[in-house]
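Below you'll find the structure I mean.
Letters A, B, C and D mark the chains as written, and numbering starts fresh at 1 in each.
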């Protein structure tokens, strides 16, 4: 359902020395995590116990914005800047880790938090693997 | 690879009278189109003939931003506002239609424009179908 | 504190037949409204009575995303597309009107909602005036 | 023209031990820089010599997305997370520094790059000062 790999394959210039599979996975995870965190923040708002979930809403909103920006930066290959890519991946894995930890606290009570925590952990790993692949 | 359907299924309140399949598809298309248009704008920048593609870059950037905002609005179900949803879907299908038309002009020359045009047309249809489903 | 006017003045091509003052004002209002709505959603989360403000949070989040996308679209002048501009301004004034109406309900209780409602009304007017100026 | 300070003043909970002036300035700079970089990328697209500016376009697009996300994260005070704030400010000052360096290379030829470089340097400093103020 995504076209990340196809768009990289049709990129007209050299992609350089990059782990393409790790890049594809990380871009897909970032967009998926941005959507999931947006939905989890909204689901928390509809819980009867929303007062106990306000930190969770906030962490989800931050994570959505940072994953979105990271997915966009990674989707651009023209004039590649390794230090910016690394800084952004670092911010993104920090956001995913924070959001996963917060959602895990509510995972037994709220299914949406359980799903969101899993998606955040998966995105966190994808960022870590891409940082490692960058060398 | 996306969790749109799972997040809707775990939403804690009533989703109301909605065509859930059309909603899932439209959210997925919006995020996929946002990524594809971001990548196509960047691929155009790396073409030798970039000077002939500047309108294409611009249209892709607009389409990415509008699909992104639409995907976020649709992902929220709390305090649902039909008139806002409709206005945003209308803007989104206009953006997708414009971007598809522009990319189609370059589709024979540039594979990334061919893929992007198809993704934009698919997102345009998904927006149209969701508008129809809203009644 | 913004550089909207200076960036339009240094734009290298013809801006076409446009009411530049209305355009500058609308771009500034969109970015200001995106920030204010982001802050108001967060302030609502910190209220003791957050359970009564969940629709307000949601409306603020939508308005922030739509204002952000509109401000970006308006900031681009290359390959100008009047019908897309109009559709996006229409979505933006709908979002600003909805958010203002919701915040006005809480304006006497919460100062941040009072400020946010005023900013949304101001952005709504700027969108309406730019639509009128487009003819 | 912005309401950053007013929204912080009406925040209903304790803002904690924070340099409020540095925070206000950094949020304002992030939104201003996001708009300016969006406009500069577009102005580059309208230059006759766009082929020599493609790296500048890309760097401006990244900087706009990262400043936007940073401005949003900083605008939220509920459930404050210092390590995430620091990581995002670090990514933002890296993006602003890269974009400023690239725009400075074209500043004598293109007025919009000169303005954009100044705005990026100013945002870079605001991020650095807020990091220092965080301790």
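Note that contacts are C-beta pairs under 8 Å (C-beta built on N, C-alpha and C of every residue); 3 or more make two chains touch, one makes a residue touch a chain.
Only a predicted model underlies this, so the values are computations on that prediction, with no experimental measurement involved.
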Q.
Need the graph distance between subunit A and subunit D over the touch network, please.
A. 1
Q.
Based on mean C-alpha positions, I'd like to know which chain lies farthest from subunit A.
A. C
Q. Which of the two pairs, A-B or A-C, is linked by more C-beta contacts?
A. A-B
Q | Mean-CA-position distance for subunit C and subunit A (Å) | A | 27
Q. If you average the Cα atoms of subunit A and of subunit B to get two centres, how far apart are those centres in Å?
A. 19
Q: Please list all residues of subunit A that touch 2 or more other chains.
A: 42, 45-46, 54, 57-58, 61, 68, 72, 76, 78
Q: Name, in rising order, each residue of subunit B that touches subunit D in their complex.
A: 41-42, 45-46, 48, 50-51, 54, 57-58, 61
Q: Report the residues of subunit A in contact with subunit B in the complex, numbered from low to high.
A: 1-4, 6-8, 10-13, 27-28, 31-32, 34-36, 38-40, 42-43, 45-47, 64, 68, 71-72, 75-78, 110-112, 114-116, 119
Q) Can you list the residues on subunit A that touch subunit D in the complex? A) 54-55, 57-59, 61-62, 65-66, 68-69, 72-73, 76, 78-79, 81, 83-84, 87-88, 90-91, 94-95, 98, 102
